[in-house]
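Given below, in the form of structure tokens, are the structures.
The two complexes that follow have chain A in common; it is paired with chain B in the first and with chain C in the second.
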Partner chain A sequence: MMDGASVVDVGRWAVRRRTLTRSLRGRLQGGEYTWAVAFVVPYLAVFATFVAYPVVYGLWLGSEPSLYRELLRDPIYQGTIVNTVLYLALGVNVKMFLALLLSGFFMRPGWWMKVLLLIFVLPWAVPQISTFISIHWMLNGEWGFLNNALYTLFHVEGPSWLNDRWMALGAVIVSHIWKWTPFWTLILLAGRMAIPLEIRDTARVDGATGVRGFVYITVPLLANLYLISTLLSTIFLLGDFNAVYFVSGGGPADSTHVLATLGIRNAFDIAQPRLGVAAVMSALPLVIPLVIVLMRRLRTTEVQL
Partner chain B sequence: MAHLTRRSVLQGLAAAGTTRLLAFPHVAKAAATTASVWFAQGFVQDEDVALRKAVADYEKASGNKIELTIIPFAPERQKIISAITSGVVPDMVDSNPAEILSLYGWQDKWVDVSDVVDTQRGQFSETALQSAQAYNNVTKKRGLYGVPLRAGVAPCHIWRTLVEKAGFKIEDLPKTWDAYFDFFKKVQDSLRKQGERKVYGLGFQVTASGVDPYNLFSAFLIAYGGRDIVTKDGKLHLGDPKVREAAVKAVGYLGGAYRDGYVPPSAVNWNDADDNNAFHAKLMVMDIDGTLSTEVAIKEKHPEWYQHEIVTHGFGYPNDNAGKPVPSIVGFTNGLIPKGAKNVTVAKEFLTYFIQPKVLGEFVELGLGRWLPVMPALAKSPFWQNPNDPHLRGYVQQGLLGPTLPDYYVFNPAMAEVRNQHVWSLAMIDVAKEGVKPAVAIDKAFKRIEEMFAKYPIA
Partner chain C sequence: MSPIRADAKAGGARVVAPPRRLIRRRRYLSHVGVGLLSVMLVVWSVAPIYNMVLIALEPEGDVFNDQLWPKAPSLESFRGVLTEGHWYLEHFWRQFANSLFLGAMVTFFTLLFGSMTSFSIARMRIRHGWLVSHAALLTYVIPASFLAIPFYRIMQNYGLANNPWSVIAALVAFATPYAIFVFQEYGRSIPIEVDESARIDGASPLQIYRRIYLPLMAPALVAVGTYALLLAWNEFLYQFLLLSTKSSMTVPVALAQFLNSDQSPWNYMMATAIIYAVPPVAIYYAFRRRMTAGLTMGGVKG
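Presenting the complex of A and B:
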């Protein structure tokens, strides 16, 4: 026989359960609820399999603190951090600034500008792996196109471009900028084209032309788009593998790796997948704030493009 | 219309499952005779043809089914490492990269295959048998986890045409180590005097990519007397003065040759195939590079190169500076069965079939001889002893019949880390590019090696 307190507990539990069921069911009745579940389950299964599982598994693989201690002791990892910061700082900012300027240039009228734009976007349009491999061959010190051209035209023996850490890293950064500037130029060009003509005309009447127009009209109206593009580009670049892998190969002497290529090297070249995952995971302290800032910017409702 | 209820959905699923089991019972039965096998794609197509033929012959003879997946070299190693890490494994893989036998043997990830190897134990070379074992850190014992299938050694590849253009003959090649490699410096000097702007005497892979630089350094280390750096018991002997002296000499010679301009400058950033490409482009007179891929790759397109212009036959390695033979390190491809494989029985049966001398011999011969057989008796075949082939006899002599050693990581997996983390490469590059003294570079390398071995203690 139950005492008074137990009866009250059972009653509360039953009420809680009923409330939970009601909130889950909403206003759905009988079979409608089953249908709703049947439709939702596949999406949940896909989400769990292809989104949640890989992320959780990756976090689990790189969860041991000893992996990070090992990484920090590794001189190649230390150099990789420096490379990644330089790659991000120069790769993103030089590229975005060039894209901003070029998007203004491509606003000019004329059919030839359209032809020029078509040629300009070619580096972005062609497959990146083959172009990066071509750059790698082109920069070969002994028989690469660049040094052969230098010798043939000027009788100058060019350097071994990929033999020095800073030249090789520079080659990687330039290759990245060359490859991706056209894409971001197109994005910013679209942003510029969305600025209403009336605003520009009014500003022109008020004397805001040339640099003044750029500073007082274009920059404020493109600022949000520029910032979001920069954030996105930074996130993309943090995971970029191809430019480094195919242009410098991470060499010489593993001195031009970035986190993405070091992760692959650790995982498969030295057969330590957990260490590889940890190398890539070590970018999370930068990626997560970037994603948060990006989300917040995307929620901004101010009148900005 | 009747409502769909939770009960009706569950009943439907149960009914569908039962129907499938009743309707297709042979699927379960078929799975018992099917094994999944992963193998690396060959450098030339003939290697894949040879593998497919062996598999087809086995299927015909046994009635079993082999689900063969041939994957390019680099993706296969990623696939294998991913499979072992996740635990979802095929029934058999080749050892790609070779050191996974030792690394995962340490972690008790392989099925013991001594019963398979026992069927042909007397046929295998001693080096092949050593390469098939690994120390298991769970059982604290060594076990036989690999079934040797094929082997490769790193011969010296030489452009006869460049040697002759420089005014020398191949017969002029000295027989001892330093004099042998110094000879190519003279060849370069002579070619430069004739106006050859971009020809280098030595194609040393002074790079931190791939396995070539490790193999190159090991050859020099052994030639200079450092053979006992790791002994069969898995112990490291960096304190042995002979080992240290040999390592210092090796890094000094290899790094010094680069520093002095006898190695192509781009060699410090070569990847695995770049040395082959540079050799074919006649950028250097000679290189030491694994397997006969350098020759096999051009056999069809440039038969005159294969037959007359490139030399490997009859040399192997020169003797050491005291005139004694220098053993060659041989790398092996082993068949491995991961723990967790669903059909160990068929995988073992397939391997047992595969290592019959007739099958194994045909497998390597159909692959144009890029890979060596692992049984000395197979070296006597007309294919390997063909007097009209300028490379095969020398290659099989160097890698199977002559003095050989397995790679050091078969004794201790720490040496696989030394290889993969390019410890020797970094020392060579320090000397070659940064002007670091060989002794200082070796002290730094030894410190790293000691740290790596500390992770793999063998009682």
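Presenting the complex of A and C:
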């Protein structure tokens, strides 16, 4: 019902816009056209110099096939691929699912929910570097807060978390979830708030409460937002450098790198920039389809909002 | 035991209204559930931040202990940071000023270029404006860290390495697409007839931009401004690669330097991390409503 209405609206808008554009363009006289161009030029210059040029230069740097053969033979690169896939699969999905559930929890009425929400967004508000450094120290095997707490409360000797590949990778993933769940919860909360009250009330009268309300009302209406959020979050996470760099530092023995940090490590720590670019470029088979889908999706929501 | 079971049965049949005792019981259980979940969420959200405060409050040299709360809290490390009292912190205020300068410049140019571009596309309806929107959208979905290596090499070729303007350029390039996005969305709420009537009265495009467009866009400008400021303040990778001397680096780069040394003075480090976190947290809570408005307006951005 809602969709039909919005499609009609969009259609009418498009028609009105087209006629408007046509009439305006006819009247956009010489001087005004110059102004219009002058207003766009600064951004276009920034885009050409600092985005387009580095993209082209990067593609050129990583264009030799021999680089990829060398990468594939490198055991660190092989491990990095596994890490990146795990980081993407767990980081994105656990975080988004938690955000979906928590956004429902924060819909509850009452002053306590408002206060709790303020505390809950703290991880997002505090800068990444501060919190990731703190988490790094928290996980120290001997003097870290986590092991101190485990010992004081349960008399358990905690392991040294960052000295084992899988625990260190787990720590990175959990840190990412800790940092970004509040943000996506806010997004989904805004999405839930946008569901008209009448729909909810009508559904309640028809007996769709609790789980049934979630399955038949919330999920279909949030599906689009959830999908876009998941895709965006995937691409942001793919480019995430800080969580790995500060929590595990890629260690132990370069076993917890992801593509973004491996690229920087290859380019600067072992001074092979082409190999670094190649590592990053090997994510393109995933990046390009994501970018295409996102460009389309974001454009349609732009119209719908 | 048996009355409860009877109650449960009565509640199971939907036609009969559940007895009051069951309602009360259910409400009690949900209260307990909410309480438990709340406690878990608070502990989960606050733990790393508490850890920061805990270590910052330790007196020097006492970081290696197994306490869960500070036995003898001291503000010594904060004083040390603010008076640049440790050799690691020699340039703290300089670095703080660098971060501020970077944030201010990125905010200014993002707002300027973003508003100019969206004015031309959405209000003046320049021909092929959609191409510019697409370029912006494309930038928005390319991970910035993937361009760091070629960007660094280009800046080196231009002799701009170790120059704050190279970082400003990179961050403006990555923040402006979001600005264009949000401005176009927000601009839809301002009727085009406003511009039209100004045009008929003889206002030039520059006058319309300055006297009509910018004042009407004020809420969006605030939202995008805070976004750009926080982006610049929190960004690490480009600043780390492009700013390497102690007097040109910013606070996050200095913090990372701490981390890589063998004998990190952890209490000073955490005090620095807290002082560094205060401005963005304050800004965030002050502009909270505006920021979430911006988020829902322009889709989403992490």
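Note that in this section the second predicted complex is superposed on the first by the 250 of 305 C-alpha atoms of A that agree within 3 Å, B and C clash if a C-alpha of one lies under 4 Å from a C-alpha of the other, contacts with A are read in each partner's own complex, and residues count from 1 in each chain.
Following the convention adopted for this analysis, a contact is a pair of C-beta atoms (placed from the backbone, for glycine too) under 8 Å apart; a residue touches a chain by one contact, two chains touch by 3 or more.
Please read these numbers as outputs of a predicted model, since none were measured by experiment.
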Once the shared chain is lined up, is A:273 touching chain B (first), chain C (second), both, or neither of them?
-> both
In the superposed arrangement, does A:253 touch chain B (first), chain C (second), both or neither?
-> first
Given the touch rule stated above, what does A:58 touch, chain B (first), chain C (second), both, or neither?
-> second
So, does A:107 touch the first partner chain B, the second partner chain C, both, or neither?
-> neither
Which holds for A:163: it touches chain B only (first), chain C only (second), both, or neither?
-> first
In the superposed arrangement, does A:219 touch chain B (first), chain C (second), both or neither?
-> neither
Scan A:82 for contacts with chain B and chain C and give back first, second, both or neither.
-> neither
Greater chain A contact set [chain C / chain B] | C
Name the contact category of A:40: first (chain B only), second (chain C only), both, or neither.
-> second
First (chain B), second (chain C), both or neither: which does A:141 touch?
-> first
So which positions on chain A get touched by both chain B and chain C?
-> 31, 35, 37, 61, 142-143, 267-268, 273
Which residues of chain B touch chain A in the complex?
-> 3-6, 9, 74, 77-78, 81-82, 85, 97, 99-100, 103, 198, 207-209, 264-266, 268-269, 271, 278, 281, 283, 416-417, 420-422, 425-426, 429, 433
Within their complex, state which residues of chain A touch chain B.
-> 30-31, 34-35, 37-38, 61, 140-143, 160, 162-163, 168, 248-254, 267-271, 273-274
Which of the residues in chain C end up touching chain A in this complex?
-> 34, 37-38, 41-42, 44-52, 54-55, 63-68, 112-114, 116-117, 119-121, 124-127, 129, 132, 134-154, 169-170, 172-174, 176, 180-181, 184-185, 192, 204-206, 209, 233-234, 236-237, 241, 252, 255-256, 258-259, 266, 269-270, 273-274, 276-277, 280-281, 284-285, 292, 295-297, 299-302
For the complex, which residues does chain A have touching chain C?
-> 20-21, 24-25, 28, 31-33, 35-37, 39-40, 42-44, 46-47, 49-55, 57-58, 61, 102, 105, 108, 112, 116, 118-123, 125-131, 133-138, 142-143, 145, 148-149, 151-152, 178, 180, 182-183, 186-187, 190, 194, 228-229, 232-233, 235-236, 238-242, 245-246, 260, 263-264, 267-268, 273, 276-277, 280, 283, 287, 290-291, 294-295, 298-299, 301-302, 305
